[in-house]
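Take a look at these structures.
Shared chain: chain A. Partners: chain B in the first complex, chain C in the second.
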Partner chain A sequence: MAKQSVLGLYQNAEYAAEAGDALQAAGLTKDDYDFLTGAPYPEGAFGERHVSHRLYVFPFVGALCGLTAGILLTSMTQMAYPLVTGGKPILSLPPMAIVTYEGTMLGAILFTVLGILFESRLPRPSLGLYDDRITEGYIGVIVTCEDNQAGRVEQVLTQAGAVDVKRGEAS
Partner chain B sequence: MQEGRSLTDREINRGLLNSLYQNPKWYWGSVTLLGVIVLGAMAAAGYMINQGLGVTGLNRPVMWGFFITNFVFWIGISHAGVMLSAILRLSKAEWRRPATRAAEVLTVFSLMTAMLMPFIHAGRPWRLFYWVFPYDWARGVFPNVRSALIWDPSAVFTYLTSSILFVYIALLPDLAVIRDRSTGVRRTIYSVLCLGWKGNSRQWKLQIIAGILLSALILPVFVSVHSIVSFDFSMAIAVKSWHSTIFPPYFVIGAVHSGVAAVVIVMALMRWLFHWHDYVRPEHFDALGRLLIVVATGWFFFFVMEFLFGLYGLEGDEISVKDFLTAQAPWSWWFITFVGTTYFIPVGMWLFKSVRRNPWLMVVACVSVNIGMWLERFLIIVPGLAQKQLFNFAWYTYAPSPVEVVIIIGTFALVSMLMLLFAKVFPLIPIYDIKEGEILKQEIKIGRRTVPAVIRED
Partner chain C sequence: MANGNGHITPVEVDLTDQGITEHLSHKVFAFDRRLAYAMAGLGVLFILGIIGFVMRAVGDGFSDASRHEWGYYAAMFAFLLCTAGTAPLVAVAFRWTKNHWRRPLSRASEMFALVGILNLLWFIPLMALLPAIDLNGDGHLEVGVDRRTVWFEGPIGAPLWWDMAAMIGLVVCGLAILWVSARPDMSVVAARGSGWRAALMRKLAMGWQGTKRDWRRQQAFLAMLGGFYFMLLILVHTLVSLDFALSLVPGWKDSILAPHHALTGIQAAAGTVLVTIFVMRTWGGYGRYIGLDPFWAFSKVLLGLTLLWGYFWFSEFMTFWYGRDPTEQSVIKLVMFESYRTAFLLNFFFSFVIPFGLLLWNGVRKSVLGPTIAGASVIIGAFFMMVRLYVPAFNIRDVGAHSIADFEAGVGQAIPSQLLPVTPDVWDVFIILGGLSGTALIFLLGTRLLPVMSMWETKEGLLYMLVRPLLKGRYMVLGKPD
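Here is the complex of A and B:
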């Protein structure tokens, strides 16, 4: 059966949180609905589901890649033309450490940014069901449900104080 | 820290996006004027490249002058972004909200401008190619990793890349706000730029973590960048007055001093030009003024230490440089101006609350700081190279040529123009951050007083 999305718009956080409670009372789980806001609210303000992520792994992987790239870049460029200067070793570690450090940090930051996008599920080619009023301060409660449940969900959202309810194909 | 009236999301959108949607006459007039100055600087640079470095005031032994001074100055200004954005974000300082974006954007543009200076200074900018690839393809001779002049671009490039990504990630929610208020092609462009941001629980959670995580990662880069810029000097054994272990922290705190002062100037201008009196308030200038007293005093400590260490060794070269700076006009006048404008005048002003809460007086104090900090870099670079000491007849005191002066003025116009152009397409104050501040704003009653408070999560 096809999935449907239903979006209810609320004027304040209390109504939106109550809509979440009403949806649970109607038999939906926290995985079936989410809250769309124009600003970050304190975690748990709507009684939403806990979001798990692995973002903290990304900087470590990136740092390791950057470290490897830094060591390879600094050592291979010096080894490419091994000219002894002043009797010093070809691979001079203190200057290598500086460039390698920058490479490590660059790798960590690049991977962190990739991780942020990946964990945020961005980029999204389509917005799906959405309303421009969300960035005007309205709070959206978006529900993904079976086709035959959509009418009931609309009713629950309206009863919970939604100023507008929309229906569309689930993205 | 909770002055000002409460604002609705709609008011915040309208207020902070007015720089995008309104077209005041001063805006295009200013951009045109700044553009003409930049073109003038480009023409001067073109003339210099065509004629050679002989048209500058550079000559043996002073081969680093205005261009390198300006390079260090703009690198210093770039430290504003991380200082204000990262440190205040990590410490959850509530007053950071209107300052972070402008500080981060100033970082990006000042770094770009700083990176131009060595290329112009080298006189043959097309040789940029050899910083990355072997300058001797046949034998595979790469740039010398042992040279501080190679560490420098690696650090600056890392900082620039990180800063651009930091700005972009923090812009995503605001790009969605603009998308929702746009139509046609503009909507399509902002839809692509915001990557399909919807503002769901996952995206907001990751956005908040991103701010803290990226701040924590950029901080070590921030410290390394100006330390490595100081290595350009302190690793040079041949110039005694540069060869000092105190240079890295001295440079870093100097950069923070000039950078934060520059952010104050930008904030005052934003408030005035875009009528953001509800967002950039006297309390923010007050907080920045207090912060600047601490930073300036930290800088002054390092300055005194650097001066004392130079004298204490009683080495001829060091003594001659200090003598040059303190006893030989006009350098001694520049030196007095530098110390006065960097520390005594602004700190004397910031001690008064009425000054700290007055945006224009803060601008005066902060312009003074930046005049002083520019002079500081000049007085570090040139007297050390001048070699005016006993029994040395190969000395030369540097005077900049008009070509150099025009290029330097052009860099200030370039940064100002880029900031104005940025304000035309992106909000200079983070909209979602201001909205979050409004959500977390509360008033609590203690006895007979109602005092502002902020909810803070761990």
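Here is the complex of A and C:
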């Protein structure tokens, strides 16, 4: 069955939070709806589900790759050109420090940028259901539901105080 | 706004989400005659800078023999790194500490990341001017023949390509911070405008909706990228100061130069952001967003940085002066007390004496103009510091010598010719003007694409801000989300 998106628009943030409760009471789960805001509200302000992430994995992997590349490059260079400088060992850490640090940083940054694109599912071909009034302080409650539930969802959102309700194909 | 009891209510309390969206989107698209004149003037100066660069390149070329002609160019590069290149750190740092007063200045400081592109281009000719480590190319490093650098004998591409890679990393990281931070505002600008700018913003916003997931990821990525920017910035300051100043002066060994350079950058970046928000508040039409709070709070940070600057300079000076080593004596004579005495005195006066003398007073800190003057002062001080570090370093031809103390003065000369001060010629002046105007021009061009005031952060601030009565006064109550 095709999925539908229903967007309820609220002038008052409290009504939007209550809409979330009403949707749960109507049998939807917290994974079925989300809140669209023009500013980041504190976590849990709408009683929404906790959004966990593992974004730190990207820079961590990137940093490991960069560090490995840096260590390999410096140590192999020193092995290939074994010049004894100032009586120090051929493989000594100070000359390797800058390159490995820089490699680590560059790897971490590169993977973080890739992580942003991947984790945010970018680029998004279409914006999905949206209303510009959200940029003016309105709160959007967007619900993804089965086709046959859309009518009931619209009713719940309206009863919760939505000033406008829109429906469209789920993206 | 005073509430009658001497307490200050921030100007932001009168704002609304709708008002913020309308006003700041309008500012991006509206034609402003004063801004157009300013951009035209800056454009002319920037073209002069390009002319200066071309004339210098055609006349002198890029070789070891002509390196001494490029001292002011190198100083200008370091100055841009200290000001515009370091400015995004201000947004990063105060976002980490979750200050409310940072909101009016976050975007302004991030927008300087755009100037990183100019800085990157500025760096390319410097790569051609930096001498090799193995000066005679015999595959061995020898004291007194080859250069002593932080790179020792390896690896491939050192120092040029590693310096370049660090610069590219810094610029990419800065632009990524700007993009991640500005995506919500880009979507607003795209929705409210028309034409190519709106189309470009729509593409760059990449379908931003403002879901809880969007916001959560944005905060996480900003925190991570901010950390990397800070770590890379310190590296770039270290590499630039060691490769383009210290290692070009035979015998100069100084462990605090790189930290002092980075600190000067952070201090100058603070000054840059303060002056920028002053201009925005006074002439840019952003007075309703920028109250006294950012100036008052930031002035304390600037005072701390100024005190640190004094301490770092004293540590640098003290070991050289007290050690009585001939090389170290020659170095401090070169960069502080003899050849570049004027530049040093101006540096010390503007980086330490003026800001310290001003910001010491509570009345000055608790004003808009006082911290701005102190901010402008540290920018000027940073410029003269870069002049006294890089111009003498680039003037030394015999970079493989054991020590500059061994340089001999010519007949009738008190100071060896390589250690004599270099005064800027007309092309140097053009290049300096070009660098300054290019920075301002790129920043202003950025304001034609993006709101220079972060909409989402300003709106977020309103969520946590309230003015409530208490007994006979009215006071601001600030919430803290976590």
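One rule holds for everything that comes next: the second predicted complex is superposed on the first by the 147 of 171 C-alpha atoms of A that agree within 3 Å, B and C clash if a C-alpha of one lies under 4 Å from a C-alpha of the other, contacts with A are read in each partner's own complex, and residues count from 1 in each chain.
Here is the rule we go by: a contact is a pair of C-beta atoms (placed from the backbone, for glycine too) under 8 Å apart; a residue touches a chain by one contact, two chains touch by 3 or more.
Predicted model only: the values in this text are computed from it and were never measured.
Q: Is the arrangement of chain B and chain C around the shared chain A a clash or a fit after superposition?
A: clash
Q: Please work out whether A:27 is in contact with chain B alone, chain C alone, both, or neither, and reply first, second, both or neither.
A: Neither partner.
Q: Quick check on the superposed pair: does A:151 touch chain B, chain C, both, or neither? Answer first, second, both or neither.
A: In the superposed model, A:151 contacts neither chain B nor chain C.
Q: State whether A:47 touches chain B only (first), chain C only (second), both chains, or neither.
A: neither
Q: Mind sorting out which residues of chain A both chain B and chain C touch, each in its own complex?
A: Common to the two interfaces on chain A: residues 34-43, 46, 48, 51, 53, 55-56, 59, 74, 77-78, 81, 85, 95, 98-99, 101-102, 105-106, 108-109, 112-113, 116, 119-120, 122-128, 130, 132, 134-137, 142.
Q: Going by the contact rule set out above, which residues of chain A touch chain B in the complex?
A: Checking each residue of chain A against chain B gives 34-43, 46, 48-49, 51, 53, 55-56, 59, 74, 77-78, 80-81, 85, 92, 95-96, 98-99, 101-103, 105-106, 108-110, 112-113, 116-117, 119-128, 130, 132, 134-137, 142.
Q: Please give the residue numbers of chain C that touch chain A in the complex, ascending.
A: Of all residues in chain C, those touching chain A are 16-18, 21-22, 139-141, 150-156, 158, 162, 165-166, 169, 172-173, 176, 180, 184, 187-188, 191-192, 206-207, 209-221, 224-225, 228, 231-232, 235, 239, 455-457, 459-460, 462-463, 481-482.
Q: What residues of chain A sit close enough to touch chain C in their complex?
A: 34-43, 46, 48, 51, 53, 55-56, 59, 73-74, 77-78, 81, 83, 85, 94-95, 98-99, 101-102, 105-106, 108-109, 112-113, 115-116, 119-120, 122-128, 130, 132, 134-137, 140, 142
Q: Using the touch definition from the top, list the residues of chain B that touch chain A in their complex.
A: 8-10, 13, 134, 136, 139-143, 145-147, 150-151, 154-155, 157-158, 161-162, 165, 169, 172-173, 176-177, 180-181, 191, 195-210, 213-214, 217-218, 220-221, 224, 228, 231, 432, 435-436, 438-440, 455, 457
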